[in-house]
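Each of the next two complexes has chain A plus one other chain: chain B in the first, chain C in the second.
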Partner chain A sequence: MSATRTAPPISRAADRGRPRSFEQANRRLKWTMLAPALAFVGLMIVFPLAFTLNLSLTDAFGAVNAGKGYVGPQNFADALTDSRRFWPAVERTALFTVGAVLIETVLGLALAMLMRKPFRGIRWVRTVLVIPLLTTPVAVGILWLLILDPTNGIANHLLSSVGIPPQEFLGSVTQSLPILMLIDVWQWTPMMTLLLLAGLSTLPEEPEEAAHVDGAGLWQRFRYVVLPMLVPTLATAVVLRSIDALKTFDILYATKGPGGGSSFEVETLNVYAYGLTFDYQEYGLASAVLVLFTLAIIGVVALLRRRPGRGSA
Partner chain B sequence: MRSTRVLSWLRGAAITIVCLGFVLPIVWMFAAAFKTNVQVTDPGVGLIFSPTLDNFRNVLADGEVLQSLRNSLIVGVVSTVLSAVIAVPAAWAVGRFRMHRTGSLVLVARIVPAISLLVPWYYLFAQAGLVGSYTVLILSHMFVSVPLILWIMIGFFEGLPIELEEAARTDGLTVFGAFWRIALPLAAPGTTTASVLAFVASWNNFMFALIFSDETTQTAPVTLFNFISYASTDWGGLMAAATLMTVPVVIVAVLGQKYLVAGLTAGATKG
Partner chain C sequence: MSITSKNPTRRTFGKIAAGMAVTIGGAALGGCSTGGGKPSPDTPLRIMAINHVWSQAIRKHLPEFEERIGRRVSMSLLTSDQLANSYNVKLNASATDIDVMMVRALQEQLLFAHNGWLADLTGLVEGDAAYNWADFLQAPRERSVTARKVLSVPVVTERPVLYYRKDLVKAPATLDELMETALRLADRQRNFFGYVGRGQRSGAVTMWSSFLYSFGGAFTLQGRSGIGRPEAITAYEYYGRLLERAGPPGATNMSLEQAMPIFAQGKAAFYVDADAIYTNFLDPKISTVQDTVGFAPFPAGPAGARPFNIPSWSLGISAFSRLRDEAWQFLRWATSPEMVRRLQAGGIPGARQSAWSDPATLASFPADLARSMQAQARTGVGLDRPDVLQVGRARDIIGRPLVAGILGQPVGPVAREADAEFADFLIRDNRHREA
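This part shows the complex of A and B:
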């Protein structure tokens, strides 16, 4: 009797392949393995973000912990009605990100197509492509300060040899932001090329061969066969690059200093928030700006990840 | 036949020009490090000149640069090791148990602007009396490297055939045993790549050290930045310091190019 009562559970467990205690052990194991990482994310990211959110509703200012009274959404109102520093910073951030990422995408795609078919020396080319994106941004900034020095730099020397008058480059209010976008393009186009090359290498060859047999030219094959297949990689690459471009700080700060230059000409949201925090110690207002900035980045990423045709596919 | 040869020649020429565009500025920096200040500020002096080691001698005699390079090394190594210890098991769990929602936490950590964490960190660390310590620098650099290693390693573990671990379990190993004795050794190349990239990210980081370090703990990018303000005319010294920071990275890039590219592009092609 007792044997027949205990037999079924065992056989059912055997049918599922492994005993239930084993499944439970696995569940406990996976959370044990995740615990340190989750604790780190919670302590170093989630909790501080909540802290920032809380601080954004106060008038915290000056030395740590001084004057902390709740002022409601006042800081947000102050930021959003500030057309002197906040909105220009928003504009510059948008301009810098859209401009740099757009050029990097087009250029990166062109280079990836150029390097797609295997050739001798690909190893060295890939090494050359990896170097700019691994180089310390501060060193990159200083390097371009030397190259673009208005009187002693090689850039003006080269320009004058083709008859173009000397430029102010980073010394100029109007040229600084476009020049910094170009430096970003120099440093990050290789990343775009490497990502797209990796994407291209995973594409099947048959559709293209079929199009070739059907008489499609080089451009048609690229436009109607390769490009649509490459869209997922392109989207990921653009999202990754946009996230980083939105947050650019090192090169702007290293070349132009606090405040983004004498008339704030390269003051993006990142540089602005940094200045508010550590130069002016306006912790409340700075926190509000940072909350807005974080929300904006999440919004941009959400927007970019909503790929056309994804729902129907 | 002839036109394809012309085409491939044109392609080679185009690739060469592009590569020169990316590499020449770095070469220019290295060259300037070996020039006298008169030569650096004379754009007519190209890449052919008689090199001098004076800039390096001056920069290293200062002591501050050497100290900052050592700080960067300490912070980079410790933060990378701790990050790998935290992130590799987590990546295995996410990859093996298909916990993609938990995994997407990583993306959140990558999206959050570091600067929005600086205010609370500064508050908390200042209260704990830790500002200026290695501890703060290491913790803040881990903010970058934990998500980076997770991101790369999740894809890596997903790419490892699960059959090997299952076979090990049939042979009597526990699930953890299968991770420890089978998956982890197999993932060594991926872990190495991820760790190297995390170290480079720490080596290059500027913002955290700008705030959290003091004179004795300041890392190389901050020292370099401080150089600009008080030694802006000493271009040779600046370039020598920048070269000292860049050379390790270039060596890593040349030696590990294949693995680094694989690490950098991991996860990107899956959309």
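This part shows the complex of A and C:
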């Protein structure tokens, strides 16, 4: 620094010039470089959100640009007072999400603990575990629809060979939602396993070894040492999986069709909003439902994020 | 010198970046410009079609049409859900890349007319003597008209057929006989069902409509809901009992795709569905009943046999098309007396009376099926679903008591609740119509 200060005038002038020039160039350039990304965000995220919000305040029907009038919060009032379709859909969405994610978390953690230490054949197990993750949800839905077909499916064929009477499975009004939760568990538990396995691999070994030396048993080490240390990863995994589960659409639609089945038995908010748009062309109400759904998801995320914070404190 | 060279580099880079942005923007604008102006001679005539026997048949003849108009034809075959969704997305955006639209006159036409999505064909069909618009069957032809304008041309017609196992039973003439025989033959322990049919809330409404009419009911009477009336409730109970007691498990999840294979595999004695699908039962690759399937007219109920006779699919021209002349040439060619007779001779039930009156074309169908189709083409009801703007929601309401019946639940209370809901719906639908 002192050397710089005592430099000849020419050098000093050059130094002063260079930072100013760079800053100016950088300031101009960064907006130029950001422009495509900003345009993309504006076009693909901001505009659709604004458009949906605008539609949710209209009575648009038939076509989105039909001569529509603004009706203020009427669509939201209609949705929130609909005890026939909207609230049952909310209940099913919550039931599906909580049930599936809970089972996925427990199974995922169990599998992660089992796979934590290397064993012979672990590579094969990992490969098999990843397969459901790679399959398309619609293909999964159709596959299970065929397996579980009440009349011709292989599942009933196998069950009959052990003396169990034929089940309706996805053809049933009461069995469908639980079965779809199990299909979701089958497909997405591997994701939980991988996330939790990654989390487990970052944990220090010393606390667990110390506990072991002190005489703690397997369960005690898991309950009091491993699990508390894993909580941040666990929370993140649950948040990610919950968001995806809330938005589940493909397997529901692929197996049960419009309206989530003949008695709307698997109609979640996503399926309901889709039906309002594509089957009923009620764009105003559909947009209102989607706005409410988005707010609900944001609320769930906020709720789930607050807990680990308290835990940390 | 090194200091001097750095500054130009930074400025040059900025200019390059700006230039790239301008270039990208220019390319985007250039892309937009193809949307304007007249279509080039290379622009194909674009047909959006259902993946259906009619579409597959007409596609084989497209080369001769291309030769006639000197323009390529591009035909997309989609499932009905995909087709409906494509229309929803593209036409909401006023897309110009759809010219000919295959539509269901009873499902979408009122709504599309309300949206202004279909071109008016009145002058074209009525002003062309060689085309002979009056030759089209009356019921389907009437459904092509909305607000006194012809907006579509029927290409395929449908009536319900009672498919039955002629090796096990003879065709029942009445609905009572159908029920009695189905219940007698059902043996669920051995995976054999007396009856198989559509059972989905919305999807089953169309096939159920023939039962409704034959019991003397109707969806609406003078614009008011008819589904809470005694005749409708009887029809609901009948259909529910038929599937609940003689049908396969999981009937409420059954559409055509699930029901048809069960009959084709010889696991059911009776199946009621559209006559257009009969070839599936004669195909040895997928059917075990080629030699044992019989085709009978829809049985008579207390009000007689009142099956529907509808245009299941029609052709319209998009209001946004920039190739309207060529699109009309396609409709004219595809639904000309000659082509309809040709396709019907190939087993596709068309909409022209001249084809139905021609013994040569009828010879392509099994004899009992031809007799059934011919009779029902004359006497059938021109609707198989409510005549409303928002058909999807209407079917969901009307289908609820059906599902209750199939599940073995009391139909009356559900039907009365659906009746009230349908009444409210009709008021709203009328308001939309007037808007």
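The criterion applied here is as follows: the second predicted complex is superposed on the first by the 268 of 313 C-alpha atoms of A that agree within 3 Å, B and C clash if a C-alpha of one lies under 4 Å from a C-alpha of the other, contacts with A are read in each partner's own complex, and residues count from 1 in each chain.
Here, a residue touches a chain if its C-beta (ideal position, glycine included) is under 8 Å from a C-beta of that chain, and two chains touch if they have at least 3 such contacts.
Bear in mind the structure is a predicted one, so any value in this text is a computation, not a measurement.
By the touch criterion defined above, A:164 lies against neither chain B nor chain C after alignment on the C-alpha atoms of chain A. Of the two partner chains, neither chain B nor chain C is touched by A:210. In the superposition on chain A, A:33 makes contact with both chain B and chain C.
With both structures placed on the common chain, the touch criterion links A:41 to chain B but leaves chain C unconnected. When chain A is checked against chain B and against chain C, the one touching more of its residues turns out to be B.
In the superposed pair of complexes, A:258 makes contact with chain C only, with no contact to chain B. Shared-chain residue A:278: touches chain B and chain C both.
Once the two complexes are overlaid on the shared chain, A:295 sits clear of chain B and of chain C alike.
Of the two partner chains placed by the overlay, neither chain B nor chain C lies in contact with A:303. By the touch criterion defined above, A:152 reaches both chain B and chain C.
The contact surfaces that chain B and chain C form on chain A in the two complexes overlap at residues 25, 29, 33, 36, 64-65, 149, 152, 257, 277-278. Put simply, chain B touches chain A in their complex at residues 8, 11-12, 14-15, 18-19, 21-23, 25-26, 28-29, 32, 40-44, 85-87, 89-90, 92-94, 96-97, 99, 102, 105, 108-124, 126-127, 139, 142-143, 146, 150, 174-176, 179, 200, 203-204, 206-207, 210-211, 220-221, 224-225, 227-229, 235, 238-239, 242, 245-246, 249-250, 252-254, 257-258, 260-261, 264-265, 267-269, 271. The part of chain A that touches chain B in the complex is made up of residues 25-26, 29-31, 33-34, 36-38, 40-41, 44-45, 47-49, 51-52, 55, 64-65, 111, 114-115, 119, 123-139, 142-147, 149, 152-154, 156-157, 186, 189-191, 194-195, 197-199, 202, 232-233, 235-237, 240, 243, 246-247, 249-250, 253-254, 257, 270, 273-274, 277-278, 283, 286-287, 290-291, 293-294, 297-298, 301. Contact residues of chain C toward chain A in the complex are 3, 6-7, 10-11, 13-14, 17-18, 21, 24, 81, 84-85, 88, 91-92, 111, 114-117, 191, 199-203, 248-255, 258, 261-262, 265, 267, 389-390, 392-393, 396, 399, 403, 406-407, 432, 435.
Remark: chain A residues 14, 18, 21-22, 25, 28-29, 32-33, 35-36, 61-67, 149-152, 166-173, 176, 256-259, 261-264, 275, 277-281 touch chain C in the complex.
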